[in-house]
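Naming follows writing order (A, B, C, D, E and F), and every chain is counted from residue 1.
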Amino acid sequence: MSILPPIEYADASPDVRAVYDDIMATRRVDSVNNFWKVLANDPATLKRVWESVKTVMAPGALDPLTKELVYVAVSVTNNCEYCIMSHTAAARAKGMTPAMFSELMAVVALANETNRLSNGYRVDVDPRFRDPLPT
Amino acid sequence: MSILPPIEYADASPDVRAVYDDIMATRRVDSVNNFWKVLANDPATLKRVWESVKTVMAPGALDPLTKELVYVAVSVTNNCEYCIMSHTAAARAKGMTPAMFSELMAVVALANETNRLSNGYRVDVDPRFRDPLPT
Amino acid sequence: MSILPPIEYADASPDVRAVYDDIMATRRVDSVNNFWKVLANDPATLKRVWESVKTVMAPGALDPLTKELVYVAVSVTNNCEYCIMSHTAAARAKGMTPAMFSELMAVVALANETNRLSNGYRVDVDPRFRDPLPT
Amino acid sequence: MSILPPIEYADASPDVRAVYDDIMATRRVDSVNNFWKVLANDPATLKRVWESVKTVMAPGALDPLTKELVYVAVSVTNNCEYCIMSHTAAARAKGMTPAMFSELMAVVALANETNRLSNGYRVDVDPRFRDPLPT
Amino acid sequence: MSILPPIEYADASPDVRAVYDDIMATRRVDSVNNFWKVLANDPATLKRVWESVKTVMAPGALDPLTKELVYVAVSVTNNCEYCIMSHTAAARAKGMTPAMFSELMAVVALANETNRLSNGYRVDVDPRFRDPLPT
Amino acid sequence: MSILPPIEYADASPDVRAVYDDIMATRRVDSVNNFWKVLANDPATLKRVWESVKTVMAPGALDPLTKELVYVAVSVTNNCEYCIMSHTAAARAKGMTPAMFSELMAVVALANETNRLSNGYRVDVDPRFRDPLPT
C-alpha cells in the first residue's frame, strides 16, 4: 500500500486526466502505471516529471533502448524495486533479450565492484583522464 | 596519494608484469592506468579483476560502447571520481560524443530522481511487471 | 521476521523496561515500536540509540517537524522502508499534511537528480561557496 | 576541471542566455553558478532542470528554508560536495544559522545510523505505520 | 519471483552443473542457494562470480568469519536483503553469535553516522592520515 | 576548508576541553583529529558522538581490529574519504597489515558486486535463510 493512494482515471481531475491521456497516447497503451497514479496526488509534480521522462527518454544522441538499459543500471545500483521491474519491462518491450539483461547485470555489478576498489585504495586520477571532452 | 603506492612496470614481479602486458596488448596502449598499478599490490586481485573486466566488457549481446555508458552511469550514481574520469575517457575513445555524454547524464539524473519518488511514496509494483522475462 | 526477535515488555529485563518506559513517557504512547523491541536484544545499544534519538529530535534550533521531514528525506534517499513508514507517521503526527509530504518528495527527488548532474559533470565548486559559515 | 567546460554569458547562445537571465532575475544576483554554466553544454537540460528547481524550491506547503535544509540533507547522504557547498550557502542566505546547520547534521547522521539498524536487523514494519496518509 | 527463473540441477547444462558441484563440494552442502540458481541463466557469469567468491572468501590474511562480517556490513549499508540474510546465515555457521551480530550492527550504524558528519561538515583530512601504509 | 572551522584546544570551552581530554587519555595520544575539532562547534553532539565511538569501538564480542575493519568497509562503500583515511590509520595502529587491507578491499568490492546481482535479478530469499538467529 503506497503512502498516498493511486488515483484512477475515473476519479482524476481534468489536469491529471490530461497527463494520463498524454502518457497513454505517447506510449500507445490503454492504462497508466501505478507510479503515475500515485504521483497524481501532486498534479504539478505528475505533469513536470512526466514531461521530463517524455523528453529525456525520447530518441536523441542515444537510442531509447540504451536509455532504458542505463535506467535499469541506475535503479539496480540504488535498489529501487519498482524502477527495476518497470524499466526492465520497458527495456524488454524495446528489444532487450535475456542475454542482454544478464550482460547488463554483469556490467553493473562489475562497476560497483571497481568503484569500491578505486575509492577504497584512493587511486589518484591519471593526468590524461583530466582532459575535458573536446566540444 | 593512494593508500598503497602504484607499482611501476620496472618494479613489478613477473606475475604482475604478465597482467600489465595483457592489459597493454588487449587495449593496444603502451602503459597501464593507476588503477591497475595500485591494485598490483595484491597480484591475485589484480589478475582476477583484470580478467573480469576483460571478459565482461568485451563485445557480446551488448556492444562495448553501451557497456562503457552503463559503467559511467553506475559510477556517477555512486560518485566514484576515478571511475567517472577513466570510463568517460574510455567511452569517448569508443565513440561517445559530448551530446551522448550529456544525454547520458540526463538519463542518470532522471533515474535517480524517479527512484526516490517510487521509493518515497512506496509505490506498489504493477502486477504485470512481475512477469519474468521469457527465456 | 527480523533477524533477532522483538522483545515484548513482559519478557524484558529491568534495564530494557526502563528504556521502554522512558520511550512511552516521552512520547505519551502506551507501547513501543518494533524498532525498539528488536534493538532490545542489545540493551546497551537500545539505551544509547534511544538517548540519541530523544536528544537529537527534541526542539532546538530546528523544530521537531522540520527534523522529522529531514529524517524522512534521508530515509527515502537510502531506501529504508521501516524508517520511511515510521517517520512519515511521526511527521504526520506533528502536523505534516499530504501536500507537505508531496512537496518533500519533490525536493528529495530533485536533489537526488542534481546531485548526479553535479557529480557526473564534475562541476568545480564556485570559490564563493568555499567561505565558511560565520560563527 | 569539469568534464565539459563552463559556458560564460558572453559565449552563450540566446536560449542559454535566456535561462541565465531568468536565474539572475529570479535570484536577484548578477551571475550564475558553475552548475548552470556546465549544464549549459546541453541547453535543453539546462532549461528543464532550472525550471524544475525554480518550481520545486518556490514557497508552497513547505517554506524555502525548510526545502534548502532537506536539499542539504540529501546531498550529505549522497556525498555530493558541490551540492553540499552550494545549498549550504543558499540555506545560510535564507536564514540558516550555524546552530541550525549543526542540528541538521546531527539529524542527518542519526537517520543514517538508524536506517542501517532497521535494515540490518530486518525490522518488520508495525502494522499501524501501514495506514496511508488521510487525504 | 526473480526476473529470470532459478535453474534447478536437473534442468542445468553440464557447465552449470559443474559449478553447482563445485559449490556443493567446497561448502559441503547438498544444494545451492537461489542466488546461484538465478545466476545460472548466464553460465559464464555464474562461473566467474563463483570463482571470485571461492577465492576471495577463502582463509588468507583475514579469517573467514571476519570476511563474512565485512560482507554483512557492506550488505546492510547497501540494503541488499538477500545478501544480509544469506551472509548472516553464513556468518552464523562460521561462529557468529547473536552478541557478535548486534555489535556488528552497532559498528555499521555508527560508521554510517560518522561518515555523514565527516562528509557534511567537509572535514579536512589530517595530514598524518595521508601517509601511505608501509609495505 | 570545513564548513565550520576546527576549534583548537586553546580556544575551546571547558566542556569541549573535557571531551578532548577524554579522547586523548582513552587513545593515549596528545592531540585530537580534525573530526573532533570540527564537531566541537556543537559541543553536545561532540560529547554524544565521542561517547558512542568510545563505547561501540571498545573490545566486546568483537575485537577492536575487527571493528576497525568493518568501519573501513562501510566507509569505502559510502565513499567517505575522511573516514577511510582515519580508520585505515586506526586499523593499521591495531595491527592491520597491507595484505589484510588488500583482502579487505577485495571482500568489500565483491560484496558490492554481488549485492547488485542479487538486487538486479530480484533473487528470492531461500526459505532457510529466514530462520532467526538462535538466542
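Following the convention adopted for this analysis, a residue touches a chain if its C-beta (ideal position, glycine included) is under 8 Å from a C-beta of that chain, and two chains touch if they have at least 3 such contacts.
A quick note: this is a predicted structure, and the numbers were derived from the prediction, not measured.
**Student:** Which chains contact both chain E and chain F?
**Tutor:** Shared contacts of chain E and chain F: A, B, C, D.
**Student:** Counting only Cα atoms for the centres, state how far chain D is from chain F in Å.
**Tutor:** From the centre of chain D to the centre of chain F is 27 Å.
**Student:** State, to the nearest whole Å, the distance from the C-alpha centre of chain A to the C-alpha centre of chain B.
**Tutor:** Once rounded, the distance between the two centres reads 20 Å.
**Student:** Among the residues of chain A, which ones contact at least 2 other chains?
**Tutor:** In chain A, 1-4, 41, 45, 49, 52, 77-81, 84-85, 88, 98-99, 101-103, 105-106, 108-110, 112-115, 117, 119-122, 130, 133, 135 touch at least two other chains.
**Student:** Looking at which chains touch which, would you call it a line, ring, star, complete or other?
**Tutor:** Contact pattern: complete, every chain touching every other.
**Student:** Touching chain F in the complex: which residues of chain B?
**Tutor:** Those residues of chain B that touch chain F are 3-4, 41-42, 45, 49, 78-80.
**Student:** In the complex, go through chain F and note every residue touching chain B.
**Tutor:** It comes out as residues 79, 84-85, 88, 98-99, 101-103, 105-106, 109.
**Student:** For the complex, give me every residue of chain F touching chain A.
**Tutor:** 72, 76-77, 79, 81, 84-85, 104-105, 108-110, 112-117, 119-122
**Student:** In their complex, what parts of chain A are in touch with chain D?
**Tutor:** Chain A residues touching chain D: 1-5, 41, 44, 48, 52, 55, 130, 132-133, 135.
**Student:** Taking the complex as given, what residues does chain E use to touch chain F?
**Tutor:** Listed in rising order, the residues are 1-4, 6, 33-35, 38-39, 45, 49, 52-53, 56-57, 60-62, 66-67, 69-71, 73-75, 77-78, 80-83, 85-89, 92, 97-104, 106-108, 110-126, 128-131, 133-135.
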